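Look at the two complexes coming up: subunit A is in both, with subunit B in one and subunit C in the other.
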Partner chain A sequence: MVQITTGETLPFDYLTVATGATPRLPSVTGQDLEGIFCLRNVTDAIRLKSFIRQRNARRAVIVGAGLISLEVCEAFRRLGLETTVIYRRDLPLRRLGKDFAEQIVMELESNGANFLGDTGLESFEPTSSGAIIVHTSNGSLESDLVLIGIGVVPEVSLASEAGIELGPTGAIVVNEYMRTNFPFIYAAGDCCECFHRISRKPVYAPLGDIANKQGRIAGANIGGQNVLFPGIVGSLCFKVFDLEVASTGLTLEEAEKVGFKADSVTIQGVSKAHSYPGSRELQIRLVTDTESGRILGAQSVGGDGVVSRINALAVALTGGLSIEELAYMDLAYAPPFSGAWDPIHIAAQQLLK
Partner chain B sequence: MVQITTGETLPFDYLTVATGATPRLPSVTGQDLEGIFCLRNVTDAIRLKSFIRQRNARRAVIVGAGLISLEVCEAFRRLGLETTVIYRRDLPLRRLGKDFAEQIVMELESNGANFLGDTGLESFEPTSSGAIIVHTSNGSLESDLVLIGIGVVPEVSLASEAGIELGPTGAIVVNEYMRTNFPFIYAAGDCCECFHRISRKPVYAPLGDIANKQGRIAGANIGGQNVLFPGIVGSLCFKVFDLEVASTGLTLEEAEKVGFKADSVTIQGVSKAHSYPGSRELQIRLVTDTESGRILGAQSVGGDGVVSRINALAVALTGGLSIEELAYMDLAYAPPFSGAWDPIHIAAQQLLK
Partner chain C sequence: MPKRLVVVGGGAGGPSAAAKAKRVNPDLEVTILEGGEHVSFSA
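Right, the complex of A and B next:
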């Protein structure tokens, strides 16, 4: 039985918990000031845009440097805002490696945004003119608005009170059918965990495409089908200004942490044939299991063709393919799309040496 | 021992036959006239370009409608030539299906090229002004130049005289090590056959990326390594004007011909998220083995993102993945690159119904 805010109770045969996630907040003085925003849904976006217009905002500070923060940084620069990203760690997307993370910072800076690494948020203070002073471990900044993008936490208070089991990530534990510890209660989306097929561990991966798949599977099973969610391989991508960034599977560090003896190689390639107009540089890092030769992960940054390579490699991860297979993989070749040796081949050939 | 044209003989421990392929010629009257070209190498391209410039050519006829012909058609149009493609069959790239082939014709026509299907070449006749009359089964055309692009034949005369075995395709038979029927004679590239991993048959696939791989493998084995060429899955792609066309594995017709009980589905998708600027339409056709659910092939046409999807599917073919795996494949998602449900998911989900 579910009790809703009107006081009514609703009976059920099956229940699906799809409570999503809520933005993480920094717990500092002044975080409720007007002009401080999170961006979680369309309403948030509309509020943020109208604030910028109505106040004729010219300066923005973004707290955090994840995917949402960096995408918003691009949007702010396109609106002409002077934009500073502050981040408690040295570099954004640090798990992709220092070299790739530095390219992201260069992309921000070459598009007129400021990046302040190793900078912790301390508090917010209002000014008499309606601006906000952002106090950090690295000095103070005055801004017309602040976006907080430091991640989300699964919204599990209701589930937890009802006795639904939470996992080590703090999100709801589900099996392959998206069923919780109660046989008639399912969960799907950003409130629950995922099985990572490469690390073989539960992870928290609150991404829209995964939520969509989980919702469909929960619904199919409730509707009497028998559909399994095979889990994820950890694929993600984003675009910031003219840089594509994408990743699938494990980084070398992550692979070693879960017990693999792993190798990696990083190569410089181009998105199209060298001779073809508009070819852009890209880098691919491949991570492989030293014993089996199986691919464990890949990370890539570059001007173009990054996401398409990572998707091919995500399929290779799903299929458990080896570096040998990748080194001679029959990818479709024509000069507008790649060289005769694609960056994927080049990286895999390097690992075979 | 190899005898060369100077009369010298060269001894060898290992020999590699890399004689490539030569353009197929139509065997019609007048095919040696000045102004009639094939396009096989850089010298051919330079000769063709200087002829166009020197003669101030304004009209071109292309005989054949394969990848090279269509790419040259685009190049001719960019040079401002009035261009007509004549083809003995009704539509170009007919194996990809009538619907996809018709889109290719529409793309040619919307870019000002003429396509004449069901039109056989009969002969060439010179005019007094130095032009060429192209006589066809469908009337005669006057042109300043003609490009013949009706495919290539493996150059195997030397190999054949030496007793090297040729296969059913007319090209040299090689094993996984790229070795011919003589233990010390290897062959690689457009003069030899390939093993098609899906049809499990030898095929003739004279493509640059395959030749590169075969050459590397022959060299590695001669050098004492032990490297196998796993074969191809039949991937190819090209761009013609603003249309991307790509294919991997078998079409439904081909799958049935080699004995599979197969199904297929064709879906309409978009290259990026619907809401994202610059998203273009694309279609994907997936072919699947009805019994095992394994993917057998895919074909795609569209404005953008076609080749990246086909490459992901080429990897899926190589890994022997099923439609179930594709339907919930963890591809990297962000709106500049796809919807939360990628066209690959949508096609695979359709086949699961």
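Right, the complex of A and C next:
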């Protein structure tokens, strides 16, 4: 039975928990001040945009440097806001490697945004003019608005009250059918864990594309089919100004941490044939298991063509392909799209040496 | 009596589950609950 806020109760034969995630919030003084926002849904976006317009905001501080924060940074700069990103670690997207993370910072700075690394949030203080002073471990900044983007936590309060099992990530445990520990209760999306096919571990990957797939599979099984969610390989991509960033599978550090004898190579390539107009530089890092020769992951940054490479490598990962197979893979080639040796080939060939 | 499915959450996963379940089994009685103003904005 589900009890709802109108006081009614709804009986069910099957239940799907799709309660999503909520923004992680810092616990600092002044975090409830007007002008401090999170961005999770359409309502948040409308509220944020109308605040900028009504207050004629000129300055913004973004707390955190994840995907949402960096995408919002670009949007704020396009609106002409003076924008500073503060982050408690030295560099954003640190798991992709220092070299790639530094390129992200360069991209922010060359588009007029400020990035303050190793900067912890301490508190917010209102000013008499309605602005906000953001106190940090690295000095204080005055701003018209603040966006908090320090990640999300699975919304599992209802589920855990009902006795639904939570996993080590804090999200709901589901099996391949998207079933919880109750056979008639399913879960899907940002409130639940998923199985990482490369690390063979449950992970928390709150992304909309995964939520859609999990939901469809839960629904198919509730409807009477017998469909398995195969898990994820950890693919993601985003764009910040003119830089494309994408990743799939494990980084070298992650691969070593889960026990692989891993090796990696980083190559500099170009998105189209060298001579072709609009060709941009990109880098690919390929991670391999030195014992089996299998690919374990790939990360890439660059001006163009990053996501198509990472998507091809996500397929290779899913299929368990080896570096040797990748090195001579029959990828589609024409000068507007790659060199005769694609950056994927170049990286794989390098690892074979 | 038809089987009843209740889906808690109208974001991406919830409506996907509701729609697929109803397609596979049209006799299913499906209810989606959402606390916010917008449904399926990211699906």
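Here is the rule we go by: the second predicted complex is superposed on the first by the 353 of 353 C-alpha atoms of A that agree within 3 Å, B and C clash if a C-alpha of one lies under 4 Å from a C-alpha of the other, contacts with A are read in each partner's own complex, and residues count from 1 in each chain.
One rule holds in what follows: contacts are C-beta pairs under 8 Å (C-beta built on N, C-alpha and C of every residue); 3 or more make two chains touch, one makes a residue touch a chain.
This is a predicted model, so every value here is computed, not measured.
Q: After lining up the shared chain so the two structures overlap, which partner does A:208 touch, if you call subunit B first and subunit C second: first, second, both or neither?
A: It touches subunit B and subunit C both.
Q: Who touches more of subunit A, subunit B or subunit C?
A: B
Q: Once the shared chain is lined up, is A:319 touching subunit B (first), subunit C (second), both, or neither of them?
A: first
Q: Could you say whether A:188 touches subunit B, subunit C, both of them, or neither, answering first, second, both or neither?
A: Touch status of A:188: second partner only.
Q: Of the partners subunit B and subunit C, which touch A:41 in the superposed model: first, second, both, neither?
A: Touch partner of A:41: subunit C, not subunit B.
Q: Once chain A of both complexes is superposed, is A:173 in touch with subunit B (first), subunit C (second), both, or neither?
A: neither
Q: Based on the superposed arrangement, let me know which partner A:33 touches: subunit B (first), subunit C (second), both, or neither?
A: neither
Q: Please work out whether A:79 is in contact with subunit B alone, subunit C alone, both, or neither, and reply first, second, both or neither.
A: In the superposition, A:79 touches no partner, neither subunit B nor subunit C.
Q: Let me check the overlay on chain A: which residues of subunit A are in contact with subunit B and also with subunit C?
A: Touching subunit B in the first complex and subunit C in the second, residues 208, 212-213, 217 of subunit A appear in both lists.
Q: What residues on subunit A touch subunit C, complex-wise?
A: So the residues of subunit A in touch with subunit C come to 2, 4-5, 10-20, 41-43, 158, 186, 188-191, 208, 211-220, 222-225.
Q: What residues of subunit B sit close enough to touch subunit A in their complex?
A: Per the stated touch rule, the residues are 67, 197, 207-210, 212-213, 217, 229-239, 244, 246-248, 305, 307-308, 310-316, 318-321, 324-325, 328-334, 336-337, 340-341.
Q: Which of the residues in subunit C end up touching subunit A in this complex?
A: Residues 3-25, 28, 31, 33, 35-38, 41-43 of subunit C touch subunit A in their complex.
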